[in-house]
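The following block contains the structure, expressed as structure tokens.
Which chain is which? They are A, B, C, D, E and F, in the order written, and residues in each are numbered from 1.
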Amino acid sequence: MSGLQNLLVPAVLFFALGFLARIIRSDLRFPPDLAKILSIYLLVSIGIHGGYELAKADLGTALNAIFWAMVLGLTLPVIGYTLMRATGKVDALNASAIAAHYGSVSAGTFLTAIAYLQSAGVEYDSYPVIMLAIMESPAIVIGILLAAWARRQARSAAEPAQDPGARFGVSKLLHEAFTNGSVVLLLGSMAIAAIATPASLETVKPFVDDIFMGVLCLFLLEMGMEAARRIADFRRVGAVLVAFGIIMPLIGGTIGALVGAFPLGFDVGGTMLVAVLAASASYIAVPPAMRIAVPEANPSFYLTLSLGVTFPFNVVIGIPLYHAAAELLVAG
Amino acid sequence: MSGLQNLLVPAVLFFALGFLARIIRSDLRFPPDLAKILSIYLLVSIGIHGGYELAKADLGTALNAIFWAMVLGLTLPVIGYTLMRATGKVDALNASAIAAHYGSVSAGTFLTAIAYLQSAGVEYDSYPVIMLAIMESPAIVIGILLAAWARRQARSAAEPAQDPGARFGVSKLLHEAFTNGSVVLLLGSMAIAAIATPASLETVKPFVDDIFMGVLCLFLLEMGMEAARRIADFRRVGAVLVAFGIIMPLIGGTIGALVGAFPLGFDVGGTMLVAVLAASASYIAVPPAMRIAVPEANPSFYLTLSLGVTFPFNVVIGIPLYHAAAELLVAG
Amino acid sequence: MSGLQNLLVPAVLFFALGFLARIIRSDLRFPPDLAKILSIYLLVSIGIHGGYELAKADLGTALNAIFWAMVLGLTLPVIGYTLMRATGKVDALNASAIAAHYGSVSAGTFLTAIAYLQSAGVEYDSYPVIMLAIMESPAIVIGILLAAWARRQARSAAEPAQDPGARFGVSKLLHEAFTNGSVVLLLGSMAIAAIATPASLETVKPFVDDIFMGVLCLFLLEMGMEAARRIADFRRVGAVLVAFGIIMPLIGGTIGALVGAFPLGFDVGGTMLVAVLAASASYIAVPPAMRIAVPEANPSFYLTLSLGVTFPFNVVIGIPLYHAAAELLVAG
Amino acid sequence: MRSLEQKKLLTIITSKQLEEMILKKLAPHGIGGYTVVSGHGAGASGIQSGMLDIDTNILIYIILSEPRLERVLVEIDRMMDKGYRLKALVTDISILPRKPS
Amino acid sequence: MRSLEQKKLLTIITSKQLEEMILKKLAPHGIGGYTVVSGHGAGASGIQSGMLDIDTNILIYIILSEPRLERVLVEIDRMMDKGYRLKALVTDISILPRKPS
Amino acid sequence: MRSLEQKKLLTIITSKQLEEMILKKLAPHGIGGYTVVSGHGAGASGIQSGMLDIDTNILIYIILSEPRLERVLVEIDRMMDKGYRLKALVTDISILPRKPS
């Protein structure tokens, strides 16, 4: 496996640098808005790039990809929830909130995987980009339903308490899930790339393409610091959850690779990207939704898992693994 | 009119996306400094680009353009003021402050017009860029004079009250008008592009040119959100002022198109750009000047008109109209 | 001397524009995080660029350059300290803190010098970039030792007081010096450029190269404003220190030019860059270290000297002088 | 000079994600205005580094009269009961009253 | 430990555009220092979204003694009379006095 | 509604560079949390324009009980004695207590 060699891409190395900087207690710090700005740029760029590619895509395959994105987004949280509850160490509301993160996706992990593929010279299908956009939201709905169910069970046991979800109503929750800022940015940019006249689209190409990898490096530098910053919270989170943060992406990655290889029939690169989508945990769209809809859950649990455990695991270990799995399933 | 087709440029579509995001109550939000950063970049880029073009320009035409920029900047506010006072619904100080905005210009609208022209494959003169820089300030002076006059009239009616303008003195006010940050950035960058050695100027070209349209898209995305955010303030502003925010750009655009076509003799693109300058309302240079010099005016009136009414009107409806008008006057 | 001609590069002109903007009391202002963001970009870009060049460099020369960087970083502060104490006008702790700044370096000045060389069409060795990274820290250690020595002397005179340095311990101080954020960014980016696979490094080149000069211009625009902002503090700092802020870079520049020309044997460009390193005063790495380790010193002294005196002096007068000196020593 | 009025300053410290929800909940209680500042911090629910939207904190400042404060606090108490993580502090302030127009 | 001193904390909430003017107006009254923080908000004059320079709010904090506060408030009152939109709040604070040097 | 508790709000104004050092020094005194906001300002040690990391100011807010405050102030006093430039203000606040879980 030439995976380790392929980790020597600037994106991954900058992630490691950020991580290292915090470990050696450097005072390196980004101004608070920089990561937010970089993240907006990355979502817009990937959206435009994806929209451009998908305008040339096959409608049948695209719809199939969307269907399977929904399936993954809806089933992975249920698997995650069941797993956590089976340990007996995680209460139902925290399990609901955490599970939702694993049904959704991490754009940062996805982009790192693309950098990895480019560096390895591996071609990849463009459909996973649309799956990225689609998978942001459905898991949120499942997370909310799991939490509502957990509250109802607790209520039948105890006195009839308030249900924050109840007030919201299902339509409001669906609204929250699908108008999430990152979803709007991604889908909006895709739509714009599809609608805009080709000549005018050409004018934004340098912004969207040329500086993309450099911006990704800066973003991952900050994400490396963010991951390391969370290490102090490991204690708070506990060994069971940390283990979950490593096992769940392996389960998701396996399922994703199978989906990419068989029902979708993607190439090695595309299959690996579906595995990455399934394996990654959201740190943009899901946390705010859970804060509002499942306020009883402790944010430090899901943020630590998503940013401090699963993200670095996927970037450093997961991606080469999912690549190997994709090679096995597709080429093998 | 192929105008609608030409609206399918990324810049306009991103504006629409931002607007839409707020309408569907998405939680999409830019970090507070991003729009400020993008705006600094845009002013510097347009300045360097303009300075570079103007170094090759004809001095006579340039001086003529400057002269007419001053004429527009000084007369449009008087027209606007008279219009508002004629309705009997706007008090003199608010009318002064609002009028000043319409004598000045909006760089965002101007840049959208350029994106529109580029997409339509229409050539355009480079002189309007210098008019953009020149027109930022004169209207401020007129606004302040109108306000001083209004205060004097009110005073002769009532008891002799304090006049914030009086303390400042005319020289101080002129200083405020001409040292405005955006004026300094625009004129300064122009001057630098004119002075710098050609070889050294080449080194900043990729920064100024290649990523320009992409940055403009992000800026307009935020401006779309900003426009939609102001909708809630429509109620406060009232129907008369909202109507003014649509009629005034039409008047300004007509006058501007006439000035561009006849005394200046520009081509279709250049004529349209002068119309856009005249039609657009400032949201960078004038608001701070009015806050300081006409504190009695309500900022929510002029900000809502400028950002919430006239800006979106010009971007979506005005620009194709002014284009049609320019075609009529120049080609016809 | 064609030096003045070579000052007509956008980077220097934008510095002048920023300075001018404050002098004419323009309300031009950057959002607070912009300069920080630009500075992170510049450090990463110069690091990647340097690492790329150095991967091709001669190990012996590189080690020699590192050695002389250490020598400069360790001796310049002692010279500065002696000079200030000799005037009898600067107390020992302030002298220690100020001296440390002059043993370290200013990346902004270094980059301006590079822009100057590029504009003058002068070739330059790549070793000074690694000297830039190396010289950030050693002066901090000397500053801290000087301060500890000053405190010990004061203590033997008065009652045994608290020594903030004492608590820290030498290892802690060395840690602070070498894990400084800018050092980590520079050395980290260099290492990444050296380790990354060539193909993957290519993908970040446009980000790091194409927009570099433009970003530098914006950064220097802000630094010009920053320098002018400090003028109000000149009174506070006093004539002796202002004089020191001009004389010390001349001394440093002379020593640096000699080191570049003789023991290092660099070309004209490389010799000038070593002079610039020696002449420039830190405003990134050293101030925070001094705030923590020499809290008794007044920050307005060292910030005014570094940002308000030495930085503008070097950018406008120093760089052409050091160029002339380098020509004299190398070509002569 | 007009004399100072006694008012209350309510400061709510919470996650940026809850800003819109809280302001919408409080609006019906007749809040005349508010001011919001962003920051970072740490507390029982871990680090809020301020780097991503999801881990940025805000301080919401609301100047109000005592009777209005009572009603607003009841609303906030209800939110806290549901599990929302926020701190609500009240300070006594004197304020220069708005110019009568 | 030195004992705490009683001082006043003046907080001015206003538009970022007025920062320099206000600080210049207050300087002659012997302000020893100030701290400024940026934010957004809403009030009688509409939304201040914080996105553009023109609609950003600031909080200016000034620690001062009671007699100095009086004079500063007179100056602020005068600005409000002219129509400037700002809120001026006063809070009682205790402060660790500066180390005598 | 639960009744309000009386607490203290400690506000430390200082340079951003000292943030980590101060929080590390105060941690052993049992601080339950803190909130930090960035800004700019001016004082005896000159302008802090907020433009570079080195001249940015912060306000650190810490809600604590009176006895804990005493110990924290002693620590801060010690830092000030060593020459660290910071302002420490204390305000009386009422706070909605955390929901008992």
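Keep this in mind: contacts are C-beta pairs under 8 Å (C-beta built on N, C-alpha and C of every residue); 3 or more make two chains touch, one makes a residue touch a chain.
Just so we're clear, the structure is a prediction, and the values are computed from it rather than from any experiment.
Novice: Taking touch as defined above, what minimum step count separates chain C and chain D?
Specialist: Minimal hop count between chain C and chain D: 2.
Novice: Decide which interface, D-F or A-B, involves more C-beta pairs in contact, and give its chain pair.
Specialist: Ranking A-B and D-F by C-beta contacts puts A-B first.
Novice: If you average the CA atoms of chain B and of chain E, how far apart do the two points sit, in angstrom?
Specialist: It comes to 33 Å between the two C-alpha centres.
Novice: Find the geometric centre of each of chain C and chain E from their Cα atoms only, then give the gap between the two centres in Å, rounded to an integer.
Specialist: Roughly 36 Å separates the two chain centres.
Novice: Between chain B and chain C, what distance separates the C-alpha centroids? Give it in angstrom.
Specialist: Between these chains, centre-to-centre, one finds 41 Å.
Novice: Would you mind pulling out the distance in Å between where the CA atoms of chain B average out and where those of chain F do?
Specialist: Going by mean C-alpha positions, chain B sits 44 Å from chain F.
Novice: Any chance you could list the residues of chain D touching two or more other chains?
Specialist: In chain D, residues 17, 37-38, 40, 53, 81, 83, 91-92 touch at least two other chains, as defined above.
Novice: Give me the residues of chain A that touch two or more other chains.
Specialist: 27, 29-30, 32-34, 36-37, 181, 210-211, 288
Novice: What residues on chain C touch chain F, complex-wise?
Specialist: 30, 32, 35-36, 39, 162, 164, 181, 222, 225-226, 229-230, 232-233, 236, 283-284, 287-288, 291-292, 294-300, 303-304
Novice: Enumerate the contact residues on chain D facing chain F in the complex.
Specialist: Of all residues in chain D, those touching chain F are 13, 37-44, 57, 59, 73-74, 76-77, 80-81, 83, 87-92.
Novice: Which residues of chain A touch chain B in the complex?
Specialist: Contact set of chain A toward chain B: 32-33, 36-37, 40-41, 44, 48, 175-176, 179-182, 184-185, 188-189, 191-193, 195-197, 199-201, 203-204, 206-208, 210-211, 288.
Novice: Residue numbers of chain A touching chain C in their complex, please.
Specialist: It is residues 5-6, 8-10, 13-14, 17, 20-21, 24-34, 37, 115, 118-119, 121, 210-215, 217-218, 221 of chain A that touch chain C.
Novice: State the interface residues of chain D toward chain A in the complex, per the touch definition above.
Specialist: Checking each residue of chain D against chain A gives 15, 17-18, 21, 38, 40, 45-47, 49-56, 78, 81-85.
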